[in-house]
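By letter and in written order, the chains are A, B, C and D; residue numbering begins at 1 in each of them.
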Amino acid sequence: MDLKTAGRVTLGPRELAATAARVRRHIVETIGRAGSGHPGGSLSAADILVALYFGGVMNVDPSRPRWPGRDRLVLSKGHAAPALYAVLAERGFFPVEDLAGLRNIDSHLQGHPDMKGTPGVDASTGSLGQGLSFAVGLALAGKLDRAPWRVYVVLGDGEVQEGQIWEAAMAAAHYRLDNLTAYLDHNGLQIDGRVEDVMSISPVAAKWQAFGWHVIEVDGHDMDRILGATAEAAEVKGRPTMVVARTVKGRGVSFMENRAEWHGKAPTPDQLAEAMRELGAADAGGPAEGGDSGAGERGEEDGQ
Amino acid sequence: MDLKTAGRVTLGPRELAATAARVRRHIVETIGRAGSGHPGGSLSAADILVALYFGGVMNVDPSRPRWPGRDRLVLSKGHAAPALYAVLAERGFFPVEDLAGLRNIDSHLQGHPDMKGTPGVDASTGSLGQGLSFAVGLALAGKLDRAPWRVYVVLGDGEVQEGQIWEAAMAAAHYRLDNLTAYLDHNGLQIDGRVEDVMSISPVAAKWQAFGWHVIEVDGHDMDRILGATAEAAEVKGRPTMVVARTVKGRGVSFMENRAEWHGKAPTPDQLAEAMRELGAADAGGPAEGGDSGAGERGEEDGQ
Amino acid sequence: MSTTRGGSGDGSRPRPEGMTRVQTAAQAEAVATREAYGRALVEVGRRRPEVVVLDADLSGSTKTALFAREFPDRFFNMGIAEANLIGVAAGLAAAGKIPFASTFAVFAPGRVYDQLRVSVAYADLGVKVAATHAGLSVGEDGATHQALEDIALTRVLPNMTVIVPADASETRAAVHAAADHPGPVYLRLGRAPVPVIYPEDHSFTIGRWDVLKEGRDLTLIACGLMVDVCLQAAVALAGEGVLAGVVNASTLKPLDTSTLLEVARRTGAIVTAEEHSVIGGLGSAVTEFLAGEHPVPVVRVGVGDRFGRSGTPAELLAAYGLTPDDVRRAAAKALALKSRGPS
Amino acid sequence: MSTTRGGSGDGSRPRPEGMTRVQTAAQAEAVATREAYGRALVEVGRRRPEVVVLDADLSGSTKTALFAREFPDRFFNMGIAEANLIGVAAGLAAAGKIPFASTFAVFAPGRVYDQLRVSVAYADLGVKVAATHAGLSVGEDGATHQALEDIALTRVLPNMTVIVPADASETRAAVHAAADHPGPVYLRLGRAPVPVIYPEDHSFTIGRWDVLKEGRDLTLIACGLMVDVCLQAAVALAGEGVLAGVVNASTLKPLDTSTLLEVARRTGAIVTAEEHSVIGGLGSAVTEFLAGEHPVPVVRVGVGDRFGRSGTPAELLAAYGLTPDDVRRAAAKALALKSRGPS
């Protein structure tokens, strides 16, 4: 199957896993090469993005990235840009070779997503908390035009501490935006440590329910469950859906998993080699841990 | 009893009602005289403020408005300033005669509360959504100093659409601020109409619960209930308390009650006379309606 | 109500000589620019079906209620949530709509600067922020509601166009121009009625200043309600033998550098006047440019680095130094600097 | 890492003649001002028990983690909620604490302007906003993370003091001064190491500029890392026979108008240099004042009204025109304007 085709691409479980593994390798490789960036949250969000772009969800045309009839994806947690770039390159929006330029002064791949510069990027993000409002605006436009396309948005679990998220959550419910599906990359960590310790968001599902959303909880590394929740969301009428995806920050690279210090730090060449080895062997996917489980120490280093 | 005394002032039910009636008369009179201001939300919040300052709750010293050991009140919905000014004047922070200067260029009574200029005002507000954060800061300081004083904050039901409110709500629960009690003046109206229609906040109690608060629902014009909830809040450990006070916007002036158009409009001289007549006869308090009940039309006029 | 007469109370205001383009017939009328905005919105709504309007619980005050009445499906109230207001507008723009987002000028840009920066200006999306109740002429609501820094905040944003119309006619034209401009626009509007100085069909081009009166000795450059104040000051100055030009600098960004350079060269001294802090606004834009191209004396009339307060618009404009007389005094200072020459 | 050498890679940087107060011994060392901030916070924390510190999930980057480690009870992480960060700080100040609130300079003031305006500046409460990662030298994170407008935003706020230290030593002194100053303070700090130009015990007074080198032909006025860039430019200019003064304008507000007037009078031409937009910042403050008091040519070096992008700090400073060579070219322009005189 040609992954660069227009429309929806629907891979089988094996190919989905293989694509996710490739995306993870791109993530660590491009961040390693750039010498800075955010591996932890890119790896935790990778499966969600792969499911959306390769699991028969996102209807897009790589040759016409601004095609008005496309589905839209807003990566509200913009620091996970390397994951989005890898997915977009794999999907054919630009050459995979471009990924090597990540964060270089002469590249179109900015440290955080730039919708003006990068084909396939539907929203400029990087300042946390803004993406859900943007997605609400897109979804309102879709409703106004009675358009068939849908809007997807990926949020961080630290990110939902931002008040603007709750303004947008309220508005999405008020305007009955059932063409909007959000994913909470619930990896239990932010920069300064465990979300629970820094500024607890729990009970997070109850919060979204009280704000009028349909809530589904899934394992955020289980493609099947992600796609199942996505299909369920498409059937819900009169309400937006929040998919609370329990994930592991740094997922796929053993020494990065569940460690806040890997939020925004590039691997050394040795670490990169080790990570690539692990990711090469992980094509079929490994067992997932819950997002709330453990956490390393506070991340001292800043790739910010 | 000398109302201008230091410490707590505890009036009986009759005197509380009489004080509330006086405060309501000050509100409509000062707004009428100023020719602008916000009667609706001032009248709906009046009983809450009177209960706090005259029902044995607020420990303050009118002769030393900045006494560090005082209880603090943050009127987050700052447009209800006329209610606060009336209460502070009655309590002795400044001469009742000052009230006549409301909104005049040479008065210390600004259109919105100015803690630098007006004795007894504990927070500068007027930009909605900021007061709860300020109250959280006060309460944190109290905790840090193991101080006995408490912090009270009054919010509007339209105001809680502001995202900053939810940031502060999260932080208050995270830091277990049981020295903080909030009151939601739940009158069901904002400027453009019914809260339900403009941007629904319901189920509002569930939202605060999901954000980790102890929630009590009361009739916001029943002094007894307000004081009961306030006492209950003082006993709650490890959590802040939200008192959802069902109120009537414009309460006490028949032609203002439940009408959005009276959010920010001054009465004409005739209307003022009529309002004063009604308020003179209402010393003992009348029956209260639920805040969600009815609403007039969208308020076209702006006293803003 | 007239807020711009410096308390003279005299309805028949003389116009400076040499000023041909401003309708004298319209002098008596005073209309708030927010009112003109509301009416013009309905026009552009009819002309361009992509136009949508958003508000944050102030549609009666910002006058977007007029649009809401005619196009209820294209009007979105976001409640008291300004950050979301701007973010949603950005999303609508990204999907091909032309969103006008309104609230008070203290809240947009003040409450939403980062949203305006990233979701709108960095993304270069055609969101039109039309903020009303700018400046001291808000009146009795006081400091928290009187935007004196919004020009500074929007002017510093790349890709942003900043427009401060002088009257109702210019507002109408600016609303149409904003709708047709592809990028983000900030439109600064007032609460209080201000004299209508242009004919109803006045045309407006983004980035082009309007020389209302040619000067010889110095030039008064103003925006918003201070344009009329400067026209009055120019009359007073003429009485003293000083020929002052008057420029309506309604586009604050991009700056009309050719007109600015031209009047600076010709008259050699400038007074700027704005209902805004003397920091960061029109005066700042003018001095930044001239100091590096053609340094001449520039004296700024504006609010002197302090918060507003409650009062009537007229009282406040007087108390904060925004009357024709204040402009006249600033002109005297500029002329003194000019005649002193470089040291 | 040195970001201020214009890519020369030459460790032995010559100092301009006539510059006595800057330690040459310290030249080799480079320390980020955020690092000095973190260390100084611990000092003021020891000295003043009222000092409390707040952060918004960036304590490792802003270096408030150093304070958190020593005074865990006096450190409050607000999570990713900047508006609340500022509001809570205001409440703490109102209760007698001396709060330092830190995050990146794009988020405070950018995300919190209205909170800073009403809860802090209008209330005149002693909140110290110490924002790190200002300017292009943030590097690879790109435009969304590179604050180029924060001086403009804070400078326009009444009651606000704005400080941009040039190096680690000045940062340390400024942190102490901020703690002792009763009102609100904005402290602008950087991510990248910058050369230490002052001795460790350097003293700092709010509102007083430091004339590092007396000039004859023109004066370079800079803040932050551009002070060192100007020192380098002055050397190059001296080689061309141009005697350029260098002023460290570390307090942006209140402006040191007496020093400014003095150097403008003495040298008759100014170049300003800042790691900030050319709109609204230091250049703007200087031109605003001089145009109304003593108009001389002022050429502004800064980022030219566009967003940043990803790249290394050195690449970005070069690409956006913030090298010694750019200062030299600006000086040439200022001198040409000066010699041309008024027209």
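As a working rule, a residue touches a chain if its C-beta (ideal position, glycine included) is under 8 Å from a C-beta of that chain, and two chains touch if they have at least 3 such contacts.
Nothing here was measured: the structure is a model prediction, and the numbers come from that model.
In the absence of chain D, grouping the other chains by touching gives one piece. Least step count on the touch graph, chain B to chain D: 1.
Chain A and chain D have CA centres that are 36 Å apart.
Averaged C-alpha coordinates give centres for chain C and chain D that are 31 Å from one another.
Work out the mean CA point of chain A and of chain B, and you get 43 Å between them. Of all residues in chain B, those touching 2 or more other chains are 114, 124-127, 129, 161-164, 167, 170-171, 174, 199, listed in ascending order.
In chain C, the residues that reach two or more other chains under the touch definition are 78-79, 81, 83-84, 106-107, 111, 114, 117-118, 122, 143-144.
If each chain is drawn as a node and touching chains are joined, the picture has every node linked to every other. On the chain B side of its complex with chain D, the touching residues are 68, 72, 114-116, 122-127, 129-130, 132-142, 144-145, 163-164, 167-168, 170-171, 174-175. On chain D, the positions that touch chain A within their shared complex are 55, 57-61, 65, 77-81, 83-84, 104, 106-107, 111, 133, 139-145, 191, 309-312, 315-316, 319. Here chain C touches chain D in the complex through residues 106-107, 109-111, 113-114, 117-118, 121-122, 143-144, 149, 152-153, 155-158, 265, 268, 277-280, 283-288, 290-300, 305-307, 333-334, 337, 341-343, going by the rule given at the top.
Those residues of chain B lying in contact with chain C across their complex are 34-37, 78, 103-105, 107, 109-112, 114, 124-129, 158-159, 161-163, 190-192, 195, 198-199, 298-304. By the touch rule above, chain D contacts chain B in their complex via residues 52, 73-74, 76, 78-79, 81, 83-84, 86-97, 99, 114-115, 117-119, 122-124.
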